[in-house]
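Given below, in the form of structure tokens, are the structures.
Common to both upcoming complexes is chain A, partnered first by chain B, then by chain C.
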Partner chain A sequence: MAGARDRARRRELWAKALITGAAMAVLSSTFLLFAYLLWEVLPLLRPARLRPLETVAVKGSVFAFPGELPGSFWTLSQEGVVRVRPQGEAVRLPQVAPPLTAAIADRWARWLAVSDAEGIKVYRVSLRPSFVGQERQLKLRLSSPFVAAATEVKLLAVGGEATPLVLGVRGGVTYLWRAQGGSLEAVVLSSQEGHAAVVNEAGDRVWLASDRQLTVWDGGGGRLATAPLLAPATVVTLLLGDLTCLVGDRQGNVQAFGLFQGEGGNFLLEGFATFRGPGPVLGLAPSPRSKAFAVLRPGLVQVDYLTSGKVLAQHAVPEGARTGLAFAPRGERLLVTEESGGAHVLAADLGHPEATLGTLFGKVRYEGYRNTTWTWQSTGGSNAFEPKLSLVPLIFGSFKGAFYAMLFSAPLAFLAALYTSQFATARLRQWVKPVVELLAGVPSVVVGFVAALVLAPWLSAHLGAVLLALFVLPVTLLTAAWLCELRPRPWQLRLQERWERVLTLGLLLVGLGIVWLFAPGVERLLFPGGLLEFLHTRLGVSYDQRNALVTGFALGFAVLPVIFTLAEEALSNVPESLVNAALSLGASRARAAWTVVVPAAAPGLVAALLLGFGRAVGETMIVLMASGNAPVLSFSPFSGMRTMAACIAVELPEAAYGETLYRVLLLVALLLFAFTLVTNLLGQRIARGLRRRFGVAR
Partner chain B sequence: MKPFHLVVGEDLPKRFLSAAALLVALGLMFGLTFLVAWGAGWGFWPKPLELLTLADGTKVLGELWDRESDPVGTGLRWRVKVGNRDLWGSDFRVVRQAEVVKVERPTDAWVLERWEYGNFYGFVLSLDADGQVFDPKTPGFQAILSRKLREVASLKRQSDKLAAKVARKAQASEEELARLASLQQAQEGCTLLMTTAGGERKDIPCAQVVHARPMNRLGFWGKLAVFGERWLEFITAEPRESNTEGGIFPALFGTSLLVLLMTVGVVPLGVLTAVYLREYAGDTRFTRAVRLSVTTLAGVPSIVFGAFGLAFFVYTLGGTVDKLFFASSLPTPTFGTGGILWASATLALLTLPVVVVATEEGLAAAPVEVREGAQALGATRWETLRYVVLPYAKPGIYTGMILAVARAAGEVAPLMLTGVVKLAPALPLDSSPPFFHLERKFMHLGFHIYDVGFQSPNVEAARPVVFATTLVLLVLVVLLNLLALILRNRARNRVMSQAL
Partner chain C sequence: MSENVRFSLQNLTCAYSGQVVVRDVSLDIPAAGVTAFIGPSGCGKSTILRCLNRMNDVVPGFSLSGRVLLDGEDLYGDSQDPVLIRRRVGMVFQRSNPFPTSIFNNVAYGLKLHFKLTRAQLELEVEQALRAAALWDEVKDRLQAPATSLSGGQQQRLCIARALAVKPEVMLFDEPASALDPVATGKVEELVMDLGRRMTVVIVTHNLAQASRVADRTAFFLRGELIEFNRTVALFTNPQRPETEAYLLGRLA
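And then the complex of A and B:
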């Protein structure tokens, strides 16, 4: 007997543990939902960091550059020998005549120009990782040189695509050397002495900074545009993508310039950002991965980000480190060389510089744009593409879609709820509510499909008729209603209450018939060229087939049951005694509904709208299919939009795990979560307050 | 005399407007259903083949799909489905009515549904089967043709099965290869020599043909039979031609398995939570938090669940499982990529509130007298719950389950992030051990609609398939909802009658 009781007690305990465990699992999974999204978003805030890795000896070399593999770099000695570290392979430059007096390379170290006893020699350098046995090693390849017999040249820049361009100063005059077969031919570029220069990757733009001005030339030596500088320039470089030129000067400014084509095809050189800092700028190095760049000042290396205008990170280096600032080909390391022969390697972890509060929500001037904009454009064709991650178009799109949805569904749902709760017979009510519940169950993909593939083409052909119907139907109904109640009496049409629904249906059909008959004629009369044509040419409104009107209609269709159900509940919960009081004072049933029930239930109606709005903002498939998904910032009902939800659905599967885009999209999800949470809680709170006021038990 | 005083109504306008709003709302729903049903029915109903002769002498044979007003001049223009994509590149051709001289319905026109390149519309010149040549004018040709097609189809099935088996194994035996070759050889013996309306000739191997039908010879019953056949094929067959033709069986299967897995997860959790909220705990802070979390889950947009599913289930949980158990196949992910397990877990989270709310309502159905009676007889809390309360709550639990299934079957957005694909190479449940392949990607009805309707290269030709898929999904979901509704109403009525 005792055994049975023990068993029962044990079973009781087990059951309790199981049941409590389930409740805890629900609570914790909800918490996890929020916390995990937050956890994945938080790394966006991680600051960039520069960390010293090692110092390597490069004594006796005139040039050093980091390689693609971890810990690798290569140097060029005065004797013209290239050494690849760490494996220590040494290759002598072909046809070199030591000692070298100077050596420069382009930003990515694809071209190497040296000046030796015979003149200038330019080599194509290729340093790629390849497998040697089981080990990955850097493999060096050097082309035979392009040669120019010009000595005593101060080399400024080298670059180009298939053949090199070299800039240098001799005797106070700036020359441009272009390849002619295997040799280099000189052209006088400017009679002034250039301080710094850079050649773009395509080899058709040459940027030259002389004393107080920056000039752009095309590859053939034709001058394109000029802009003044704040102070004498020390360094010039181009950011990844070759759209922006950075000029560092002696006063410590780094100015960013963009080249734009003006109205008449002439070029304009515009400065659009300035980064200030202590001490003169000694070196500039663009990141090979993003729009970040490193700045070398006496005793200091900084990494700045062009788009946000921020200093991402900085790190102290010895005062003697004055040359050789360069990013490794994968952008994860920075190299800076000391004159005494030591090269400092810094680990550069740039974090997520594309996503800051400013770029996510503020207006930003992106590279290649002349104005600040809110733009969402997360992926592009090339490596140099800069992701534009403004959330404003997405948030705007979500609200626009929800707004048009409410415009359509709120009056409809509200009036339908009013009828169902106040005027309808009990039998009708019994029948309507389940039907609306079924409507709520219609999958959104079905609604979106019909909206996009059936409604959208139909609407673009019958826009005039639809707009006319929006006007004609209410007018028909109201006119008929007014006629029925017209006084003096003899003019009045009589109507029994039970015919009301049939009559309304008839009136609706009559209205639709009128629209059907007259719409083509009216449209021809008002807009001889067609309504769409009129919109386009006269009002400058372009009509997208998948637009906010279609989306609003479909979304409205989806949230209609939500609003209806809640509004109906709020209206039905108003105590009968209030209505009866109004009726006994002589009010008609409609008047009682309008002046007593609606005001009393107003908070509930607001809650219904709020919850409907929240649902519309979060809806995905309908918007994805019917809105066209273009992230534009236009409130026109005839243009599309891209909403937060649709954006996640489209882009998150493609976003690489842990990348900036992935985290930003999860931030969008988190925002969506927070927004719907707030609307839901608010809506429920209002509805609960109302229920309590009317003493309705849950 | 009293001054003329016009009073306009203040009662009826509101009544009329609100009645109209209700009518419009209901009308929209029935309109939607009707539209989808019409589209699906029209798409599968056999359409006659019209032979149009144009003014310049060209002949066009095909089905008239759409007509719209001609932008050049007055009159109409037709969009004709002419098929023969291998010859002309496109399935459709626009014909202006003004150019058409003659319209006929030739009785000897045939439609060949093929495995590749869509339909072929044309005339049969002859059937060449194992050296024998049959003329289409000979009586009984249709029977001969369908017999031959059936034979070839069965050979093709065998050889496909064998080929798949050979492909799975690294080394195939000589015998199997020989048998495969002989099967393939046997299929090649049968060829249909066809001609298009314009007179172009085309040899079509019988193995390429799915169905051959002389459409214009069919009467109403014949057409109805074809209609039925098409629906049957649609439900039971694999998709063809990047989902624009053929059936939706894998999508139906994927959807069913998905909701099944989800139900296994969500029902126990939801029921236990509801029991906790209603039976076990009072109004404590913890209960309120649980209740709040249930309402929160109910309000969160489905895409957020999808994002969470991808970030947590797929990347974090899946990545960990891969590192622990499937390290040998890394970096190719096994569970670290979307799959049916993660998708159903995500959906389980999404539908949890539905089950909780419905179960709570069901639990409320157990009258206090009965509970007290049980306890008076010495039953513990668990025994009361197990033997008294839960039987009362059963209809509520079933309602919640069905509603959850209905909700999950129609949900697409979270699946797009957690493992749905347009074409799955294998079902997540098959005859190779361990039979359940929960890491596999799957197809889904709702995603099928999105994919075929929006991402397909040949959207127009795919229209019948999209509409039919939509109808299947709609009917499925509405029926489930209806079932839940009936169940709940019955339970409520029972409670009411007991109360009386």
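And then the complex of A and C:
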């Protein structure tokens, strides 16, 4: 007897432990999911850092540039010998006539121009890692030089694509040398003395800064545009992508300029940002990975980010560092060379400068844009593309989709729930409820597929008919209701339900028939060129085939069962005794439903709407297929959207682990998670409050 | 006698989905005083009560034959609107069922439904109804409080006030005190008797003592049939039928 009781107690304990364990597991997995997302997102906040790696003596060299392999760089000595470190391969420049008086390279060190005893020689440099046995080494290749017999030239810039362009100053005049066969031909670019210049990668734009102005020329020496400068320029460079020109000056300003094509094809040079700092700008180096750039000022190197305008990191360097500043080809190291022959290698960890609070949520002016925008455009065609990671279009898209879904589903679900719970016979209710709940089981991919491939083309072909139906069907429904009231009284008791249904359905069919028959004629009459044409030319509304209407309909289809089920439950749970009380006071059934049941169930209805909204915001497959996925910021029902959920689905598989896009997508996931969690908790809380409210009365 | 009859039931037979629960009942309920329906559970007394204001209409499968006359009019006649009937015949249910809103709004509900009143008129009518239900003094300071904050007895009197507010000619009570404690029951009974002096009151009760206290006339039902209908004193002291006597002596479950 005692043994049996013990067993029972032990069983109870086990059951309790099991249930508690399961509940804890659910809770902790939710928490873990949250923690994981947070863990992946938090590195976005990691600050950029410049850290000294080593200082190397490069005595007697006229030029130094970092290489692609870790710790590697190459130098050029006055004797014209290129040394690749750390392996120590030494190659003499072909046909060089030492000593060298000057050497310059383009931003990525693909062209090297030297000034030797005979004149100017320009080499194509290729320094690529390749395997030597088991080891990866940098392999140096130098072309035979393009030669110009011009001595005593102050070299300003070299660059170009297949053949080089060289800029230099001789006798106060700025020349441009262009390749003609193996030699370089000079043209006078400007009678003024240029201080600094840069040539773009395509070799068709030359940016030249003199005392007080910045001028852009095309590759043939034609002048395109000019803009004034704040102070005499010291350094000029182009950011990755060649859209923005940075001009550093003697007063420490770094001005950013963009070249825009105005109406009529003329060019405009616009300064759109200025970065200030102490002391003259001695060097500028664009990052080969992003829109970040390094600025060298006396005693200080810092890295700024163009789009956000922020100083990412800074680091002190010796005062004498004044000749060279360059990023390694992968952007992970920064080389600062001193005139005295020391080279400081800094590890440059730039963090995630594209994703700041300002760029994620604020309006940003991107490179090449003339206005600030909220733009989501995470990937582009080239390496130079700057990811535009504004979450605003995605959040907007999610809410737009959910809004249109609710616009379609909420009234329908609410009225259906009201009818089913208050007016339908028990037999009809037994049919309707499972059928609507069955809708919830339709795989969303099927709904999305039908919406995108059947509904969307159909809607664009029959938009006029649908809009007409939106007007005609409510009218026929009201007519049906009016006719129901007109019937002879005796029917009221017995044939009520069936007759109302037959009459209503019949009239709806008649209404649809009217729409079907007359819509084409009405459309032709009102809009001779077709409705879409009218929308486009007269109202300036563009019609996307996959738009908010299609999405709202399809998404509403998925959300409707959720709202219906919860609303029906809330309405049915209003105690019958309250309805009886209202009826006994002389309210009609409809009045009782409207004035007693609906207010009493209001918290439950709100909860149903909230949970439906949460579902609509989180739904992925349908919007992925039906919404067109264009991250536009338009509330028009005829334009599409990109929602947070669909964006994650589309882009996460393409995002490299750990990169900014990956982390930003997980941030989107975190936002989505937080939002649905909050709506669900709120909805459940309200629903629970409702149950407590009727605890007494029921 | 005829002009004093409020309800006249003539061969009333009721069924739910074909199952007969009230069989061939004929009964005249006088306009003055309180009439009680007694009988064991399932005897059909509540069904008959609900025929008096057509509250059975909303029950699925309900059917009726015979006639129910209110002041000589057939309640189930073709031209009758149940909504109007229910306004004339108020009802209070077994369990108090205040709307989940304020005390004031509960009483005002029926008024707002039927009359267009100014705020001041509404307040006056609500006060009168609450006074008539002997609840005014207890709630006058907290009219905006939720109705569910009242005690069970107060809630039931609030329901009475709510029914009285639309000025019915008849009040039906369906075991109004069955869920209340003795003190609250006493107050409701007092109220029922008080109302009986001013209007027709019909009360269904399973509590014989209650029937003997409040009712001027009592009808005894058994298995859907009317066994005996008489002045309460006569029925209780000198039952004419053996079934009545057996029930009164507690020998009939």
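As a convention for this text, the second predicted complex is superposed on the first by the 654 of 698 C-alpha atoms of A that agree within 3 Å, B and C clash if a C-alpha of one lies under 4 Å from a C-alpha of the other, contacts with A are read in each partner's own complex, and residues count from 1 in each chain.
One rule holds in what follows: a residue touches a chain if its C-beta (ideal position, glycine included) is under 8 Å from a C-beta of that chain, and two chains touch if they have at least 3 such contacts.
Everything numeric here is computed off the predicted structure, so don't read it as measured data.
> Using the superposition on chain A described above, determine whether A:R589 touches chain B (first), chain C (second), both, or neither.
both
> Per the contact definition in the header, classify A:A581: touching chain B only (first), chain C only (second), both, or neither.
Touch status of A:A581: second partner only.
> Using the superposition described at the top, determine whether chain B or chain C touches more residues of chain A.
With both complexes superposed on chain A, more residues of chain A are touched by B.
> Look at A:A600 in the shared chain and tell me whether it touches chain B only, chain C only, both, or neither; answer first, second, both or neither.
Second partner only.
> Both chain B and chain C touch chain A; at which residues?
Touching chain B in the first complex and chain C in the second, residues 588-589, 591 of chain A appear in both lists.
> Using the touch definition from the top, list the residues of chain C that touch chain A in their complex.
53, 55, 57-58, 60, 78-79, 83-84, 86-87, 90-91, 93, 95, 97-101, 109-110, 113-114, 148, 159, 162-163, 166
> Considering only the defined contacts, which chain A positions touch chain B in the complex?
Contact set of chain A toward chain B: 8-9, 11-12, 15-16, 18-27, 29-33, 36-37, 40, 411-416, 418-420, 422-424, 432, 434-439, 441-450, 452-454, 473-474, 477-478, 480-482, 484-488, 495, 500-501, 503-505, 507-508, 557, 560, 564, 588-591, 593-594, 611, 614-615, 617-621, 624-625, 645, 648-649, 652-653, 657, 665-666, 669, 672-673, 676-677, 679-680, 684.
> Taking the touch rule as given, give the residues of chain B at its contact with chain A in the complex, in rising order.
Interface residues on the chain B side: 4-26, 28-29, 32, 35-36, 39, 268-269, 272-273, 275-277, 279-281, 286-287, 289-290, 293-308, 310-312, 315-316, 338, 349, 352, 356, 380-383, 385-386, 406-407, 409-413, 416-417, 446-447, 449-450, 453-454, 463, 466, 470, 473-474, 477-478, 480-482, 485, 489.
> In their shared complex, at which residues does chain A touch chain C?
Of all residues in chain A, those touching chain C are 425-426, 489-490, 493, 575, 577-589, 591, 595-596, 599-600, 693-694, 696-697.
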